[in-house]
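Presented sequentially are two complexes of chain A, the first with chain B as partner and the second with chain C.
And now, the complex of A and B:
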């Protein structure tokens, strides 16, 4: 159907180049200004030598890249990034699936619950992160007070300062702020599944678990796919949560590639925008590869099953 | 369709990632005229406090514009973002005319700044306290004009001290440790000493202690970061938390403003190294805390040293802005301006006339007496700008239970020497 209408429009005469540009203009300006120009600047910066003041001193060749790739903190930072992205995305999708099932059922007060779920999504990441910083506080945090008064722990835990807990505490916040979007995406996916498929399954005597595995999950696949890809990108690029919760910790022990990139530019002894730009280019490549690999993996499996 | 999803996703990934990066790089344009004298100057000021900074600088701008006919484009930036923004301005060529920062030597080394000979009236220069002229001088020229200063001293909670049976402030490190133990022994959440060695301002905490142990970062033009005294100092600071257990939890991960100061403001900390803005907060907001101020205890039985900090108002060489910049300094250093500003923010003067003006203020007396002999960090060496960042980022690791103070300082010394 789409094909036919397109053919009809073409038959009525093509737009001139000028006319086309007029329509495309605003979008092109946006793309060039917001995507292309910064990307080109980023790459250009990554090949320059910069003073601590930000002044360009000359060409660096590829030395920013070699310095970045050989920096001793990098393996740790990459490991942190893997744990952070992996854990947040997997937990977010799993919790999102459960929550979406719940939200798509009819029950009293559903409207209220749906609104409540939106709140963490609607509030700015910086605000949520500051809030959790207070909740996790060693001396005055609600979490420690609660666990102490329930006698679950004997002395307070340094959720953000003790290296055993820092990453886990940050992941919990990452999941908290990512779940609403994912849940709503999946609710939409669930609503798109026709009711008669379920009816047929029930008539054939399928158990609820069978129905969920054989019907709901496969039909939800496109929604899950989009949820995972978008979360991969958002979580990888998530700056405020880690920046704020990890803000008073020394060193790079809990940094991800994104916060590490920022510290390279403005907070570390290197204080080098060129080096940081090289890190930025590296980050873009990493996320592109991650998304590409994931989609290939999913397609490959789907192809085999079909 | 699958293919389009994949490409859509990849494009989205690229777009979002580059937008994240772009947000680090964007900044406004400057509209300085290129021919003849400038019609406007861009002045970037650090936000010392929400209440007073904007009030003062708005009024200042009005006076300046009336006097000179040059428009003053004021931009006040939070300390946390200042470094990133100023660096971005220079990177993208939107250089300000005047920049308020806590470092200047790297800018001078890059040849970006006017020296005092070019923009500071001689009478004004003569009024600035010599210690600050010295710290603002790079390669024999005075580039870093001080805007205000602060000095640190030991604050102690007199209620906690009397509860612990201590009658006077400690004067030696042994007494300090003993007193901190006594305060900690009170229990009920009392902390002997609130020690901020987190990334915010750790170089200040370290400097205060090492100056009072006969140490320094640089002596006679040579880096002395891993000197015997400095290693002993950092070991002592580590022992306070790891061995003696008289500090708050995790000092290496505690920042000054939202960590150590807030413990003291809540009456939980026996001692903290503070400065006049903390005093201001205690006198107006946290009036329940009874406190007193004393000179720092010393580790080497020498006279106490006062650690001081000054920030800078540096000016950038741009075509046609020299007169406008000169007029800016002339107005800023006039007693009615600078003293109003310093008094409002609760800091200390940088001029001899300011010293005279504030000398009768009983609250400032403890600092003012030592101000002319104040001990500063080597801000006149561009390499210090990087050393400072390393200390801020990493000293917390050196004082952790598995940290190695000596190795940390050895590495730092190597970094400083390699920078030359």
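And now, the complex of A and C:
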């Protein structure tokens, strides 16, 4: 694989920047206009004050940033974000690893299992979230009903309204919708490990656990790292799960940085677009750091994968 | 071949007993996995097949007492639903067309040629893939507000297209790079220009890649939520993802209709997604700067 891709790289012709602009132009226009320009607009907005209807009233200097950073809600929101991202990513990668190991084995009906795993991945997140909102419902949800009939709980739990359970309930849904992609990614990683490596280890008398720890895990490391970083970005950015499941709770008690930012601009009483933009810049900086890590990882992988 | 031969000759801690057992254990485990991932959607289907009043029974019954498809009939004949469906179709199809039209030349060119700024361009594409529009949504809102494009298909189509160029580009680039240069050189000798070579020789060979890119982009645009929630405030212009939540509000709780509409929105894309299963991971992780 590596050798071939390197040969191809050498075989690539050269072209002038002018010609490149002709071929890449349309893509560039879209990316600059709809991705980069809004980023610049976001920064510009964060230095302005706006009326509730969205008209720019004047310059705010850095007051949006100082208001954002000194907001009494911020520590709670940052804490929520840490718990949400940390728990979802760790659980997703661990469960994804186990599921990938399972799905990479040959067995009757495996194809159907893989299709079943795709369902939460292909479904719109907002739709799955609304589904879980009913499943979690205190009165009408099947979860309480199921747990009561199995005598796991003695009285129903308000999964989304009781502050002890809200975050954990959202994390469970976050994991549920993130595991499929992660498992698929890790199955691809497992399939890339040559079979003769395992044979050699077996001939040397390695036990299955030894083989897993000493051979599978180290060779799977690049795939695991990419899974971790991509999930960090996706889960941090994740909006619908928290937006829907936490939707009927007042205040910012269970919000992450992303939903907090959104509420500041579009749902809070003050409709403060400037303040929200300052929060948005803060979020973008966090994602940029993660993207930087990702780019280093894939670069480092470059030699191995075309 | 050889691996199974070795497995049979080398004594292992788990011997013949495990080999026989795994014939049963693995499929049973498979069924358990299917149950976990499908169960919530089975609940959705069963709730869509009973009257809304029954969904709100306490305690809830697993199976409907009255089986009825009336929620599906009501949803399909609901003018509001038809509007949302139209928006979803128009936006997803248009965004997909744009993505394919801009990604094909870009993928072909970056696969075949070196030029100054190539790495910068590909890096930019990775960044768009990582920046789901969510974090930029306030900026996107302000841009379209200034342009007077709030509540227009155009704004939604352009946003869905821009943020989904990356997947199509990586997939197509992979297919273009895999085509031997000789084929192209032969075409050039026969008098094909660069563009002619791409259209007549390369595109037919990359058809599977194009199908994958089209499917993925369509689904991504079809499922998009946060930008549509922000830009489309006129009820008639909302796409399905945003519109259908009005079946369940503080004032009315039509869960059966919400779930009937949800199933109409997810079943086709789940099937499409399963068809491109093999290429998914490649397109989502191929952000390697090649």
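Miscellaneous remarks
Heads up, the rule we're going with is that the second predicted complex is superposed on the first by the 271 of 306 C-alpha atoms of A that agree within 3 Å, B and C clash if a C-alpha of one lies under 4 Å from a C-alpha of the other, contacts with A are read in each partner's own complex, and residues count from 1 in each chain.
We adopt the following convention: a residue touches a chain if its C-beta (ideal position, glycine included) is under 8 Å from a C-beta of that chain, and two chains touch if they have at least 3 such contacts.
Remember, it's a predicted structure, so these values are computed and weren't measured experimentally.
Contacts of A:226 after superposition: both chain B and chain C are touched. Once the two complexes are overlaid on the shared chain, A:150 sits clear of chain B and of chain C alike. Counting the residues of chain A that each partner touches, chain B and chain C differ, and the larger count belongs to C. Once the two complexes are laid over each other on the shared chain, residue contacts for A:273 go to chain B and to chain C alike.
Using the contact criterion defined above for the overlaid structures, shared-chain residue A:127 touches chain C, although it does not reach chain B.
By the touch criterion defined above, A:26 lies against chain C but remains apart from chain B after alignment on the C-alpha atoms of chain A.
Residue contacts after overlaying the shared chain place A:112 against chain C, while chain B stays out of touching range. Look at A:258: by the touch rule set out above, it reaches both chain B and chain C. Looking at chain A, you'll find residues 34-35, 38-39, 41-42, 45, 54, 139, 226, 230, 233-234, 237, 239, 258, 262, 265-266, 273, 280, 283-284, 287, 291, 295, 299, 302 touch chain B in one structure and chain C in the other.
Of all residues in chain C, those touching chain A in their complex are 2-3, 6-7, 10, 12-14, 22-23, 26-27, 29-31, 33-34, 37-38, 40-41, 43-44, 47, 55-60, 62, 98, 101-103, 105-106, 108-118, 121, 123-128, 130-132, 134-143, 145-146, 158-159, 161-163, 165, 169, 174, 177, 181, 219, 222-223, 225-226, 230, 240-242, 244-245, 248, 255, 258-259, 262, 265-266, 269-270, 272-274, 277, 280-282, 284-285, 287-290. In the complex of the two chains, the chain A residues touching chain B come out as 34-35, 38-39, 41-42, 45, 50-56, 138-139, 156, 158, 160-162, 222, 225-226, 229-230, 233-234, 237, 239, 247-253, 258, 262-263, 265-271, 273, 280, 283-284, 287-288, 291-292, 295-296, 299, 302. Taken together, the chain A residues at the contact with chain C in this complex read 5, 8-9, 11-17, 19-20, 23-24, 26-28, 30-31, 33-45, 54, 99, 102, 105, 107-110, 112-128, 130-132, 134-135, 139-142, 145, 148, 176, 180-181, 184-185, 187-188, 195-196, 198-199, 202-203, 207-208, 226, 230, 233-234, 237-240, 243-244, 258, 261-262, 265-266, 273, 276-277, 280, 283-284, 287, 290-291, 294-295, 298-299, 301-302, 305-306.
Of all residues in chain B, those touching chain A in their complex are 2, 5-6, 9-10, 12-22, 24-25, 83-84, 86-91, 106-107, 109-110, 112, 189, 197-200, 202, 248-250, 252-255, 258-259, 263, 268, 382, 385-387, 389-390, 392-397, 415.
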